[in-house]
Amino acid sequence: MDSLFLPRVARILDVRDETYDTKTFRVVFRDRAAQDGFEFRPGQFVELSVFGYGEAPFCIASSPTRPECLEFTVRRAGQLTDALHRLGPGDEIGLRGPCGNFFDLAAAEGKDLLFIGGGIGLPPLRGLIWNVLDRREHFGHATILYGARTPADLVYKDELKDWAERSDVEFLVTVDRAAPGWDGIVGMVPVLFDRTELRPSTSLAYVCGPPVMISFVIQDLLMRGFSEEAIISTLERMMQCGVGKCNHCAIGHRYVCRDGPVFSYSQIKEMVE
Amino acid sequence: MESVTAQVIARARVGAWIERLMAEAEVIAPVLAHGGDEVFAAIQSPDEVLWEFANPVHPPKQFLLPQTDPVVAIRRAGNGYALEPIVDERRRILLNIRSCDVTGLAFLRRVHAADLPDDSYLRRAAAVTVVCLACSQPCPLGFCVCSAAGPFAREGYDVQLSDMGDRLLAEPGSERGEELLSAAGDLFRPATSEELARRHDLEEQAKRLFGEETCHFASAMRRVSTGRVADELWASMTDWCLECGACNFVCPTCYCFSVKDRRDGDGWLRCRTWDSCQYPAFTREASGHNPREERKDRIKRRFFHKVSAQYFQRDGVVGCVGCGRCIEVCLGTTDMPAVVAAIRKGEWHG
Amino acid sequence: MAPILPLHGAAPTQAKASIVTTVDAVCTTCPFCACGCGIYLQAEDGKLSGVGPSRHHPISQSRVCARGWGAHEAPAWGERLTEPLVRRAGGLTPVTWEEALDAATTSLGAVQAAGKAVGVLGSARATNEENYLVARLARGALGTGDLDSCLRSTYLPLARGIARGSGGRAPWGRLADIEGSEVVIVFDGDLASSHPRAAFAVMRAVARGARLLTVSCLRTQLARLAALHVPVSPGGQHEVVSGLVASVAEAGGAEESVPEGWAVEPPAALAEEVREAGRWYAEAERASLLVAPEAVMGNSGEAFGAALALLSRMSGHLGRPGSVLLPLPVRWNLRGACEMGVGPDVLPGGGPLDDAAALERLAEVWGGEPATGAGRDAAAMIGTVGGLVVVADDPPSALRDGRAAVQGLAELDCLVVLDAFMTPTVRAAHVVLPIASHAENEGTCTSADGRVQRVRPCAPPPGSARPGWQVLAGLSAGLGRAFDFASPGGVLDEIRRVVPAYERLDERALDEVWGDVVAPQSDGRPIECPARFGDPPRASGDASHLLALDGVFDWGSDPLVAFAPTLSRDFISRRKLFSGGLVEMSGEDAKALGVRPGWPVRIKSLHGEVTLPVVVRREVERGLLLVPFAFRDQVGDVLGGHDIVPVQVTRPEG
């Protein structure tokens, strides 16, 4: 048996600047068989090693329907992400996983889907969104609502355009504070709720973003008739091992890295510190 | 092979037995260290082994779950890296460890085997033979009777020794224990029925000496599990804790860790290192946000993990073996019996 | 013989003789604060791996604080100096030991030949042996009194005041004695975090029924356990001492009369409480008096120490078995460094520069007259001397004016640094001499309560690093004054000959148990009457708040913490979140100003102004603004060289 802690070596294919402090890394396992054998579902994460700095969890931002490489969108926030940002094409990192649970796509089939992302909270949804778009016929209405602090904080700018142009998905974006050149919507994410048709009884809502944004979006959705089970979010916690052993991410007797990171609001509500 | 029953070895021959053990494996036993400190250490001679001793303050956990534990070697290879798991399968015999520690090791084995098995722990543990020395005298701080972890071990040992003065009675607790005893057959002989009866009396007598339960987990568990411990009660404990983390580090059932890379030659060793849920940084996220910023929440967390019904259900036991070490090392007064009593009574007096 | 064990696991290496002890544990002294706990350092396969507690150690008694549990980390994980380095074009370049020592002595010689001074810094992070050789290098080989350690000023004046005010009978008592006290008085900084073992002793005394009086400008953890907490403005501690003296005198039974002008009424608001506490203290059989290093900020340490000695003397607690009067040095071996003579105005032994007997002993042992001139302190040296030898000290992290230290080091003609770790000082060095860290070193250290204990090596030093005493010997030899030592034991033998308090150290106690305690040394001088204090700065008018630094030292800048992955996390996180500094204030003040945590406030004094984000801290009293020592440079202009200044604080527009 392999050690639970043994990463596999992966190589960076390319690096794309998303914002002033966020980059997307396209990565393949060095070993072709590892790449082919890496099966994951949207919502799962990996423990990503920057050798010499340790490892940290990052959600897989790409879709399993596009298996040729894996993508990770990483904001510079500490020593490890600093070091990762200094790496470029050809550099090697380690990947361990996939870890955690995932968005239940089978349960989403036939439903209307509402994706709500805030800032750096879009990456966990992105894999799910592309998965849905690549198998579009299995799902009802699809709506993507995205908000960021400023236009400069928006990630995946090319894809946002793509989503905006597609006819099979409704896409709205807002920023908290406008900047020169921004002629779009201004305001927190919930301002978008009045600009689209919400379908609380037939929808699943996927909410990812900073904790504060998640909590007020969820309150708003509840008021607008979404059931607690129909609101699905991902929890963020300090994680180390990713395999339910180290206890850093425990909430009560649940482990965000094993029982999560994907939880319905009805589950989140039951959790006690 | 016929199953081996309880065996007896004359006191005078124990040294010879230990010498044989030493030829086969690293034998770790309580010994006297600097200034009369009792510690677990690899012995160089059978004479070093203590038979009457205060249980060392640093438990044998350190040999299975070291404070710094390299798990992966990261080496440079050309322009890239080569990764290799580090496997420690050194044969070790833990000799004269007490029932509380035996129970602690059994606990650790279970949590590392549960869900996703932790191979690096399990392989190391599989190479460890546990020889328990049952307690006939209570220790000043222990309360193992409250957590069913003593004074005699019920599980988790390969051999359990009972000290009968001029001889030791050895009971196998596993196949490996039976093999261990049968392989040393010439030094041991089967126990007589009188000896077995005496062994039974010893345990009964020890239980009597250990006395009544002093740490009432059941009622504390009810309150902790259902969130019926007032926030103010946790808050009132915070000034009596100096956040040293020692309760975690010396606890036979604590196993929290962090993962970090330590430079080694031109590469690194990825190590897991002990961490403490009592440290503010334990849950602090890269953003600076900390869901358990306040000390009261961290104390609450420790006791939730130790005595909640949720964890009891998962682990099958409370996360305490009653060794009393958290009382001995506490740089404050928030040890297990004190906090359990406070939870039960709803009052904290420092 | 049939195998005794079934073949589970790997066989031991060879026959039984070769079964190696893979985990070595060495009993040594905890290297962080001055409490002097005993710990076991563990090494696995020659690499430091962990820490274990010592049950019978008289100070630690099975206990180890969070820092202690990380004592193995920095040496194993930190940025270590592994080979001698010399600055050449392009930076610090590896050289041989001979080249490095030669470069050091040649450059220092050249500085002296050019008529410029060369100074030496010892350290609270170095052993007694290293500090003694530092003193001998300065006053012997270099013939200079420019000799100091950065943290000396936080301890020596206070300790000296206590010694002078007590006729050399204090510092007195053991940390463990505190636990049996009936009354404990703590002039607190925040012992719970600076000296956890001492704080625990206080806590235990309280748990056993002792009455605790805390005096501090913070409602610290100990203050919250206290029977009586007296909040004071920074610099106002002495008013409470005066009040206590008055109360002890009033309670009767004082062993001597109050010196003229002393028994001053404390501020009216506190008078009754302080009088009450004075009675407790006077009536207790055993009482402890502890002084945190922060307590003397804004005051003369020497006057404060003498006042405390007066209080202890008058109440009869001075010298009474079970009673305690201890100032707590902020860092590990600060007391030892001072007693080894590392200071501009002390001789080895701690005596004054005109101590004829001491000078005679030194001349005999050193084979030459020691330099007797009073030198400059660390802050004054940097920026005025041409050459500097630094042993395990780090002025940019430890001095009050960190910016000036950085600049001063950069201007030196010759900077020779002996250290185990890469520090800001090492980065500025011309010659770097790598030495063993606490985990690889051999020698002794002296705890707050005077216990001299062994430091024992648990692993070999990395690369070609050498024990500090050896390197200092090499340096001195290169300067024409060879030391004749074969081991650190030889250095200790010499210390015994010149430091009276260490003369009777019991070698067996050092080796076999937990060291030996040095007794206070009466120097035969008359007891000095404490000087009066100046008035502490007060807030008034627009300058409605007082600004002070929180602490006199930043653990986050110390290599033993900064390089320890587990210990450094809180500090790194705070630096990242508040890279431009922060100011702590009470929730009430924040509310009154209309600011929330993280919002900026403008702080303006006579000297300058600064805008800093607010951190609300419940321990801070109203009217007080505190800036952590780590961020002292951000308020350097506002403080204008003072410890405490009145400031106007406002919420910036917009």
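Lettered A, B and C in written order, each chain numbered from 1.
Just so we're on the same page, a contact is a pair of C-beta atoms (placed from the backbone, for glycine too) under 8 Å apart; a residue touches a chain by one contact, two chains touch by 3 or more.
Keep in mind the model is a prediction, meaning the values are calculated, not measured.
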item: Pair of chains joined by the greatest number of C-beta pairs in contact; value: B-C
item: Most centrally placed chain - per-chain CA mean versus overall CA mean; value: C
item: CA centroid of subunit A to CA centroid of subunit C, Å; value: 49
item: Subunit B-subunit C separation of Cα centroids, rounded to whole Å; value: 37
item: Centre distance in Å when subunit A and subunit B are each reduced to the mean of their C-alpha atoms; value: 40
item: Residue list for subunit B, restricted to those that touch at least two other chains; value: 258, 260, 263, 275, 284
item: Subunit C residues counted as touching two or more neighbouring chains; value: 576
item: Residues of subunit A touching at least two other chains; value: 78
item: Of subunit B, residues touching subunit A in the complex; value: 71-72, 74, 79-83, 85-87, 111-112, 115-120, 227, 255-261, 263, 267-268, 270, 272, 275, 277, 282-287, 289, 291-292, 297, 300-301, 304-305, 308, 310-311, 314
item: Residues of subunit A touching subunit B in the complex; value: 1-9, 11, 30, 49, 51-56, 77-78, 81, 90, 92, 94, 211, 236-238, 240-241, 243-248, 250-253, 258, 272-273
item: Parts of subunit B lying in touch with subunit C, wherever the complex brings them together; value: 19-26, 33-39, 41-42, 44, 54, 56-58, 62-63, 66-68, 89-93, 126-129, 176, 179-180, 183-184, 239-240, 242-246, 249-250, 258, 260, 262-263, 273-276, 279-281, 284, 288, 328-333, 350
item: Contact footprint of subunit B on subunit C as seen in their complex; value: 1-6, 8-12, 15-16, 19, 21-23, 25, 27, 38, 40, 42, 44, 48-57, 62-66, 68-69, 72, 76-77, 192, 196-197, 199-200, 203, 206-207, 221, 224-225, 512-514, 565-566, 569-570, 573, 576-577
